[in-house]
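What follows is a set of structures to go through.
The following pair of complexes shares a single chain, subunit A, combined with subunit B in the former and subunit C in the latter.
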Partner chain A sequence: MSLSSAMNTAQAIFNNTGTQTSTVSKNMANSGNADYAKRTTIVSTTLFGAQVSTTVRAQNEVLMRQNLTAISQNSGQQSVLSALGDMRSVMGGTNYEMSPAKYLEALRNKIHEYATRPSDQVVGAGVISAAQDAVTALNTASSEIQRVRADADKQIEAQVDKLNNLLSEFKAANDMVTTETARGGDPNDALDRRDSLLKQISEIVGVSIVNRENNDVVLYTSDGTTLFETSPRKVTFQRNLFYSASTTGNAIYIDGVAVDAAKSANTTALGSLPALLQVRDDIAPTFQSQLDEIARGLITIFAENGGTIAGLFQNGTSTTVPAAGTLVPGLAASIVVAPNAITNPSKVRDGSVNGTTQNPDNNSSFSTLLDKYDQAFDSSMAFDAAAGIDVQKTLITFSSNSLSWLESLRSSATAAGESKTALLSRSAEAYSNMTGVSLDEELSLMLDLEQSYKAATKLVSAIDEMLQALLNIAS
Partner chain B sequence: MSIFGTMKTAVAGMNAQANRLGTVGDNIANSSTVGYKRASTEFSSLVLPSGSSSYQSGGVTTNIRYSISEQGNLAYTTSSTDLAIQGNGFFVVQSANEQAYMTRAGAFQKDSEGYLVNSAGYKLMGYSYAAGAPAAVVNGFDGLVPIQIGQGGLTAQASTRGSFGANLNADAVVVGPLATPVTTLPSSNDPTAKYSDKSSLTAYDSLGRQVLYDFYYTKTDANKWEVTVYRQDQATPGTGFPYVDSTGTPLTSSLSDITLEFDPATGKLTTTPASITITDSTTSPQTIEIDLSTMTQFGAKFTPGKATIDGKAANAIKDVEIDKDGTVYAIYDDSSVEPLYRIPLATVASPDKLTIETGNAYSPGAASGVVIIGFPNQGNFGQIVDNAVEESNVDLAGELTSMIEAQRSYTANSKVFQTGADIMDVLINLKR
Partner chain C sequence: MKTSFVSTLSIQNAMRLTVAQAQSELLKAQSEATTGKYYDLGVSLAERTSQSLDLNREVARLKALSETNSLSTQRLASSQTALDNISNAGQSMLNTVLALSGSEDANSLKTARTSIENAFSIFSDMSNMALNGEFLFSGINSDVQPATDMQTNVATAYNTELQFYLTSQGLTDKSQMSATQMDSFLTTVEAKFNGTSTLTDPPHTGRGGEDLWTSYVSQASDTNMTSRISKTEVVESSTNTNTQGMRYMALGAISALTFMDASLDTPARQAANKKMNQFIAAGIDGIDVDRGKLGLSEERIKKANDSLNAQSTIIKTYLGDLEGVDGYEAATRVKNLLALVDASYTLTARIQQLSLVNFL
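So, the complex of A and B:
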């Protein structure tokens, strides 16, 4: 070892300490950045005795993947939950004041009252107004449910646009990572960017990651569809501007493969896209079917001429009575109070709204039909299994069961939402414990660095003095 | 016995010390020169025959030696074209008049024409990959060309091979003629074709254009899967099928299809060879062989694994990387890597006897033996370290002590001379 090589070593200490200090300062600057992964500069000795420093980025693929899954699950569940909350507010909130069930109850009370006082025209008018309230409630609920579907469709379009943008940004970040890795540069900033994009993509659709050479990655959706491989795959979607009960929404295609809708209240959705499909194609249409079945129940109960022609309620201008136990899509939107009944409420009493009068003598106390209507509310009838709840129930029970169905979906979605949010925050915490910056650690490391820098300066001045001494003899 | 002889001996001694001081001066002047090898002097006595009762003072002759084979320290730099050799080899470089030399001075930089030139102006030489992987010409500088980077413009490479591995779901529903109801297979290119799973791969045609290939995996029977390939740009938007040509006519067949069979007990592939050859002449005739041998069929959902395909898009060289084994790689814009040259290392039987040339260069001569050329990491040529240069092997402290010694020794010789002169003075004064 000669003096000049000792000087060389001291210089290496300056270089390495400088690099380490810049790493520490970068860590400190990013201590509040969730997308930043801690860098550590490691000084090592090469085969040839030189000391070099390399900067490594804290990575933990297992925790990263877990965190991405948690993000996808949570985002899917929150999409379902928010749609269910929206549907609940359509029904009037906590007590479901605006639900068809409430108005059916009121209508039934009015019929009962009218049956006891069939001559009272004021009570008759009350029946009509209660009937109109029930129709309005059904019409509004139906159009609001379709609005929920249209909203989901609109959100899908926005999310698909966002996903396409994220994927093209992902390509840029991934290209940077692979180029920097191939040329032995510093890919860490690009890796941070790529990881943060992955988190955003996971919110939209669940991803699985396969690594390739030079830190290159291939992204597949959790269903196995190719999402990104060298270049981003196209995600296409055609939005429907208007939704009615019979409208079928368009599929979302990723690389030409349709995305499947998720299932159940504790949704299987990974990411918002399958969840929004579930809202649009499963939850909202089922609830719509229930509303349609309630509307069909009303028409059936008030049917005249022995149940062959529509009475107080009819489907638009048509007076046909729908077949028993068979769903008529969109009936809740088109049900109306018969115009004849509005002009003359006593026609309801006589059964002559659209049919032949059952009270030919025009007795003001005729209550046979009203009693029958009153009882019909309590007798069970057949409902279509497509509505997803009981098939043989009274109309009143069916309509309240419909609310219970919605409420049970919402409560289990809320519970699932809470546990998935908890899982997300746990996994994010575990990930950040692994990759986040700890200021205490950085500060103590900085003190170490300061000491080794000072030691190197001492070394340099000692070598300098020794050389000086040598030169002094030569003079 | 002669006073004159003593004086001549003293002059020889002074000359020898002057030589030594000369090497010290040169060494100190070049103590920071990259690749400089220190010179030193060794002396040997020159004896005149003398009897037992008289002494004939002889003289001293100087031998100049170069510590060429002594390794210098590696100093790390930030330039990727700075190269150092750890071991016995030398870079082969070319001077402006196209003469080949050997050197350890590896501070190379790209000049305006793309040549790697060191600080003495010598161009680094290597074997070109233009005609495949090169072999070294062992006993001469033949076949070596100056390394020139970045003059190639855009280059593209068509894909020829790739691989894809995935797990196909053993419990997937059977599709095709054996299904109930009967459905059509992707290979029929029918608009109603059904498939089990799909993925896609990016390949490049001969002009470097990106082409996406759709891979359909269809379970046609228990443990049997059909793999069908189409070009994605021929797909009908949304549904995929039917794939149409440029005139809108549906294609009569897929680009390629193959049936894979799996062992029902182990889930492993039994078809051999398990590869699919895509023959695509849509734009230019091209054949790509995709290895499917890592496919499995377990009772788990479709899980695509590692997918690779070679070839690259048309792009320019972005950077150059030099590997430990001397291969000069070009790194293209899209991060693909291609070998351009291989740097050989040269050595001789006696490196310390090489002929010294200006600019830390050496040329083999009769004393050193003939040149032997090989690649880094082979034999005792050593290896190439990038981002580093070899410092001179001069030790300042050693040189300074040597300098003081030379000075004292010179002074002592001059005293001998002076004493001889004084004695001569006495002798001359004897006769008045």
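So, the complex of A and C:
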């Protein structure tokens, strides 16, 4: 060993502290960045003391995967929950003021009042206006539910676009990672970028990751469809601009395979796409069927001529009474108050809106039919099982059970939403604790570096003095 | 090599999340403490939502029933008053007829006739009484006055019968009638009035086979108005002018007006008097039967109202149990949450200050 080799070692220290300081300062700068993984400089011993061999990025694949799953679950659940909230708000405030159930109740009470005073035209007009309110409530609810479906469709389109963009960005990041890794460069920044893209992709669709040579990854959706392999797969979707009860939405294709809709209120959806499909193709259509059944119930209750011709309520211009217990899609949108009844409310009393009068003497206090209508609200009737609630209930109970159905979905979705959000924040915290930057740690590292730099300078000046002393002997 | 397993970001996020959660809980607890109801009924009740809706609807329905019951009560009470007046008028006719029994004095006969005429017109007025635009005694034909010009119409029908009878007996005037003839005529006309026999043509042109009362006098329907007073009970809430009471009352009055005449033979008048007595008494009895029926309906409505009130109270209590939250519990929750948020703020501020930088 010689003084000059000691000098070389001291120089290596300068070199190392320089690199290490730059890593530490980069870590500090990114202490607030959730997508940044902490870097550590690895120093190894060589002939000339210690040397920086490589910079390592803190990684934890298990936690990363858990975090991605939590992101997907939460995003799916929130999509379902917000759609349910939207549907619930269509029904009005705390007391469901805008719901068909409430308007049916009002109509029924009006009918009862009219049965008590059938001679009073003002009360008769009140019945008509209550009937119109009920029809408006059904029409509005129906169009709002279809609006919810159309909104889901629109969101799907936007999400699919976003997913395609993310995948092409993912390709760029992934290419960078593989080339840097292959040539032994620094792939860390590209890895950060790739992880951050993965988080965003997980919000849209659940992914599972397979690692390959040179840090290359292959992405599959949780259904097993290939999403990315060397190059991104095409995600295609054709949006429907108009929705009615009988419209069926288009499927989303990833690499030519249709994405399945999720199920249940505590949704099975991973990512927003399956959740939106669930809203569009399952939840909203079921609620629409319930509205349609309520509309059919109304037409049936007020049917005239012994139930063979529509009375106070009819389906558009048609006066046929729909078959018992069979769903008529879109009836809630097309139900109207019969024009004959609007021009002369007492036709409701006489049963002559579209049928033949039951009151041939034209007695103004004829209340038999009105009382029958009143009672019909309390007698049970058959409903289609497709509506997903009761098959044999009174119309009024059916309408409130429909709200119950919606609220029970919303209740489980809310509970599930809370637990999935909690899970997400837990897993994000765990992941961040594992890979994130601790400012204090970096600062203490910086103190170390400072000390080692100071020691190196001392070393250099000592060697300098020693050399000086040697030269002084010579002179 | 990472040596510490906590990141600056997660420390800050954890505090932030705690505060956010506590605040959203606080919002709910605050609303629950002040309103006494769940913050989000639908989410809290879930599938029990329909129970809450059904109960609320039940309360509204019970309220509607008791509101319409008050209408029926009003109608019944007015009918009772009118029938009471008719019954009183009948009683005064009966008294007049009884007081006159045997008297042949033309003056007292004239006074008696005036008194009968008065009673008859009260009867007629009361029969045509209306409430809220509905004629009380028209049955379900309630927009038509039940007995327009009652006196005139009754008299026309009665006189036609009388003339026909006199002609058939070869007489020209009622003063020529014997007691037997009087009795036989009044029996015939009673059958016509109470509806046991129908009109004949002649003398009633174009009315052959019809009922005298509904043909000449009453426009009312035989069907009475009905009201649903509870979920299961329907009662009649009116009567009509076609009842036997009304018919006999009119028959008694017109017979009295026709045969309280000094020109009649004493035996014939006595025979007539006897019949009139019967008619008017039958009339009063009939009216009292009607009053009894209406009274029964009134009683049913009162009972129904009592039970509606009781049901409504029970349901409201249950609704409170279903939708309500414990106010004390909610208030305590608010206090705890406030303390929690407070502590979080203090801790956040402290932790934010805690940095190695401050000591270098």
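As a working rule, the second predicted complex is superposed on the first by the 465 of 475 C-alpha atoms of A that agree within 3 Å, B and C clash if a C-alpha of one lies under 4 Å from a C-alpha of the other, contacts with A are read in each partner's own complex, and residues count from 1 in each chain.
Simple rule for what comes next: a contact is a pair of C-beta atoms (placed from the backbone, for glycine too) under 8 Å apart; a residue touches a chain by one contact, two chains touch by 3 or more.
What you see is a predicted model; the values in this text were computed from it and never measured.
Q: What does the overlay on subunit A give for subunit B and subunit C, a clash or a fit?
A: fit
Q: Classify the contacts of A:88 with the two partner chains as first (subunit B alone), second (subunit C alone), both, or neither.
A: Once the two structures are laid over each other on A, A:88 reaches subunit C alone.
Q: If we overlay the two complexes on their shared chain A, which of subunit B and subunit C does A:451 touch? Say first, second, both or neither.
A: Neither partner.
Q: Is A:425 touching the first partner subunit B, the second partner subunit C, both, or neither of them?
A: second
Q: Would you sort A:44 into first (subunit B), second (subunit C), both or neither based on which partner it touches?
A: A:44 sits against neither subunit B nor subunit C.
Q: Going by the touch definition up top, name the partner, subunit B or subunit C, that contacts more of subunit A.
A: Looking at subunit B versus subunit C, the one contacting more residues of subunit A is C.
Q: Just to be sure I read the superposition right, which of the two partners does A:101 touch: subunit B = first, subunit C = second, or both, or neither?
A: Only subunit C; A:101 stays clear of subunit B.
Q: Should A:212 be classified as contacting the first partner (subunit B), the second (subunit C), both, or neither?
A: A:212: touches subunit B, not subunit C.
Q: On the combined arrangement from the superposition, state the nearest Cα-Cα distance between subunit B and subunit C in Å.
A: Checking C-alpha atoms only, subunit B sits 22 Å from subunit C at its nearest point.
Q: Share the list of subunit A residues that count as touching for subunit B in one structure and for subunit C in the other.
A: Of subunit A, no residue contacts subunit B in one complex and subunit C in the other.
Q: Quick check: in the complex, which residue numbers of subunit A touch subunit C?
A: Residues 31-34, 38, 40, 42, 56, 58, 88, 94-96, 101, 105, 108-109, 112-113, 115-120, 361, 363-367, 371, 374, 378, 396-397, 400-401, 403-408, 410-412, 414, 425, 428-429, 432-441, 443-444, 447 of subunit A touch subunit C in their complex.
Q: Can you name the residues of subunit A that touch subunit B in the complex?
A: Interface residues on subunit A, with respect to subunit B: 2-5, 8, 12, 15, 46-50, 52, 175, 178-179, 181-184, 208, 210-214, 216, 218, 220, 223-226, 229-231, 233, 236, 251, 253, 255-257, 466-467, 470-471, 473-474.
Q: Which bits of subunit C are touching subunit A when the two form their complex?
A: Touching subunit A: residues 1-10, 13-14, 17, 37, 40-51, 53-54, 56-57, 60-61, 64-65, 67-68, 71-72, 132-134, 138-144, 221, 223, 225-228, 231, 234, 355-357, 360 of subunit C.
Q: For the complex, give me every residue of subunit B touching subunit A.
A: 31, 73-76, 80, 86, 166, 197-202, 210, 212, 214, 232, 235, 237-240, 301-308, 318-319, 321, 331, 333-337, 385, 388, 391, 394-398, 400-401, 403-404, 407
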